[in-house]
Amino acid sequence: MNHEALAAPGPLPAVFVRDLTVAYDEKPVLWDIDLDVPEGTLTAIVGPNGAGKSTLLKAILGLIPTAAGTIRLLGETYSRNRRAVGYVPQRGTVDWDFPTDALDVVTMGLYGALGWLRRPGAKERATALERLDQVGMADFAKRQISQLSGGQQQRVFLARALAQDPKLYFMDEPLAGVDAATEQIVFEILRLLRSEGRTVVVVHHDLETVRETFDRTILLNVKLIASGPTEAVFVREKLQAAYGGRLAAMER
Amino acid sequence: MSSGSQIALVAVAAGLACSLAGVFLVLRRLAMVADAISHAVLPGLVAGYVLANGPNLLFGFLGAVVSGLLTVYLVETLNKTRRVTSDTAIGLVFPAMFALGVYVISRYFPNLHIDTDAVLHGEIAFAPFDTLALGGREYGPVSFWVLGGLGLFNALVLTALYKELKLATFDAALSATLGFAPVVLHYVLMTVVAVTTVGAFSAVGAILAVALIVVPAVTASLLTTRLNQLIPLAIAVGVGSALAGYGLATLWNVSISGMMASTLGAVFFLALLFAPARGIISQWSRRRRQREEFATDVLLIHLATHLSTPEEAVESTLLHIERELGWSPDRASQIAVRAERAGLLQARSGSLQLTQEGQARATQVAAH
Amino acid sequence: MNLLADYTLRNVALGSLVLGVVSGVLGCFAVLRRQGLMGDALSHAALPGVCLAYMATGLKTPLVLMAGAAASGLVGMLLILTTIRRTRVDQGSALAVVLTWFFGIGVVLLTVVQKRNDANQAGLDKFLFGQAAALIAEQVATMAVLGLLCLIVVSLLFKEFKVVSFDPEFAQTVGLDTGRLGALLSGLLVVAIVIGLNTVGVILMSAMLVAPAAAARQWTNSLGTMVWLAATIGASAGVCGALLSVFQENVPTGPAIVLVLSAATAFSLFFGSARGLAWSRRRARVAT
């Protein structure tokens, strides 16, 4: 791996991470992570519970402080490149009782492009409605968000990220506990985004679907276990190294 | 007995009764309920006085307690509708009750001498003027007997229901499965709080009553996590601050109730800053120390990863470390110097090399 | 009697109207950010600031007292937020501690001021316990200007405030400084409280913030509509309460406003078109 990539000429990969270390209460949850995610790929982050998958996303997005490390997204620091990056958080981090409906949530994805002082208008609402339609939620545009099912809520937040129109997506467990229809739509969207040349990084829990959908896999358990093309990473000894004894239980 | 020592006695009784009532209230995160009750007793007090045809201690007391419990019930009912959050529910109910009280007094009983401002301030300095007289003999201030009795009552209730309240507070689900009705316990606790608030506010004012209920328990919770230490500590804070506040008020010739509340707050503030384990200063210095140790570990691991690899020469330069670990030049050299002093690495011609000790520590840290 | 020409009535009604609008709007954000009771704590925390401002200047002009109130309200808020963030003390406990501590200090300072024996100090405490009937035109004008400033800030930053209140993490990822926006919202809340103190008083201020928002929420699922409705409800209750208190003998304005407001909230909880209990009960019955 070229550790001088930062200084070297030529484009950096879409996600470039070196020596990333993150600690909660000064106990390490991520140790010395190096990552390269090439542009235009679908990448899954997998690992056991407590492996630091969500933490990795949040650290990359600057939502939690890092103890050490270098992060570049699309060749720039995130703070200079926010508009090119979208984030679909884990469900359950917002106030579901908030006075807002599906359309309104998706419109929030356009606030970054609108900038300060400007209000969203008819054009923004039309775009938001298109994005809702893309995830099969146009009929629920005016529903208060607590009146949607889990899968529908997930699709709304996916539509919000689509509305941001970023080149690089980070999604935190978009398929956890959703219905079959939602799962199908999310997979369709993932493939669509790749065909448009966008880069998508997904925290994923279901080992079975990784192989058929994702080009690349990052195997994580506090330290980086493996990272690369899925077929190269998805080998027994590497999975064993990440999951330990839990792998046998999952294979049943 | 001098009026000074009488006031001191009332202060001790109030501190004891209130801090006992506050322990479980604070642990159950319901501190603001005490504030709500203290304001919401007004309509009940009025109703009691109206029923008794004039200011009557017993009727006023009972009315106020009923009104306090009604507030708790209304807040619970609003919570259950799930149309508003619990803090909103409190914020809706007690002002409505207080406003109702003021409205009724000013509209229908302008001659009933209740000074609504005084309900809030209170003034313990007047306590000695209201003495308990039985059969021609005087037995000290009424509020001492009321508050002393409440202290005894609260101590009895807490002792009798200690393990039930403890379980219901720390593990409500287990408590319910074991058959301790959580609703009943909740209302027992609320009755204790309501009775204590009412008993205290006529003597010391609503705000001081709330201060004496909430602040000792919160302060004690900064000093210890163990319930059996928390209760005596809370009592000590409550009684001690009440007496100290009284002393300072006499010294400076200012409001006694105000000074007691100020002293309580100051004690809390000192605990907030200086508490041994949970205080802000000790947390800050502990974090700082851990962060430095942790940074050293990060550096050692980084050097160990590239030990005896082709990139070692490049990876071990301070400049490279600054860039990859994202540290400022100052911080990087600070951490390197500290690690060198500890004998974990050596700087040789611009690159950092792990010593034996450094390698051992890196292996040990990485193994975790 | 020419209603609008009556000086007292005009001041009371206008003051209550301004307060109703401003606290209705800012109360929406406070309630949605789970800071409904912050208003109660901060209004009590204003007392020492009022006393100190008077002791320092010897003036009782509304702007001086309001500045003092706002300053100590902000210090109180800072202490509450620090306590919650840095220790395991819960929000309710932190609120109760700061409320009683600051109020206690205020009561002490009040006795100090009263001992100075200058005739000018009389009525300082009225600033806190609300005495709408004594509102003078200068106060109403100060309230209106401050209130207007708050409303302008809210309308300029509406969509940012909305995102920060709804989904702070997302707000951060799109580059909004959630810390500063949150602090700005809380600062505006302090201004609203200061405006309300001499109209409805310390104790009832929390209702002015919480009730219009809670009532409005039952009629709509849109934040924009909720804010407009809360402003309308707050303003109408303010004016109704003011009229009630002027036409009924001996009834103070603050409690009259809060009683009207409480009735409106109770009605909304039952019959609100979006979440009213009456409709959901009926819906539940139809469903079974």
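Note that the chains are named A, B and C in the order they appear, and that numbering of residues resets to 1 at the start of each chain.
FYI, contacts are C-beta pairs under 8 Å (C-beta built on N, C-alpha and C of every residue); 3 or more make two chains touch, one makes a residue touch a chain.
Quantities reported herein were computed from a predicted structural model and do not represent experimental measurements.
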item: Touch-based graph of the chains, sorted into line, ring, star, complete or other; value: complete
item: Comparison of A-B and A-C by number of C-beta pairs in contact, larger one; value: A-C
item: Mean-CA-position distance for chain C and chain B (Å); value: 25
item: Chain A-chain C separation of Cα centroids, rounded to whole Å; value: 41
item: Per-residue overlap in chain B, given as positions that touch at least 2 other chains; value: none
item: Sequence positions of chain C contacting 2 or more other chains; value: 217
item: Chain A partner contacts - residues on chain B that touch it in the complex; value: 287, 290-291, 293-295, 298, 301-302, 305, 311, 314-315, 323-327, 366, 368
item: Residues of chain B that touch chain C when the two form their complex; value: 26, 29-35, 39, 78, 81, 83-85, 87-88, 90-92, 94-96, 98-100, 102-103, 106-107, 110, 116-117, 120-121, 207-208, 210-211, 214-215, 217-218, 221-222, 249, 253-255, 257-262, 264-266, 268-269, 272, 278, 280, 283
item: Complex contacts: residues of chain A adjacent to chain C; value: 61-63, 79, 82, 85, 87, 89, 93-95, 98-101, 104, 108, 111-112, 114, 116-117, 119-120, 144, 160, 164
item: In the complex with chain B, residue positions of chain A that touch it; value: 3-4, 6-7, 18-19, 21, 23, 25-26, 28, 31-32, 66-71
item: Residues of chain C that touch chain B when the two form their complex; value: 31, 34-37, 39-40, 44, 82-83, 86-108, 110-112, 115, 125, 129, 202-204, 206-207, 209-211, 213-214, 217-218, 248-252, 254-256, 258-259, 262, 265, 269, 275, 277
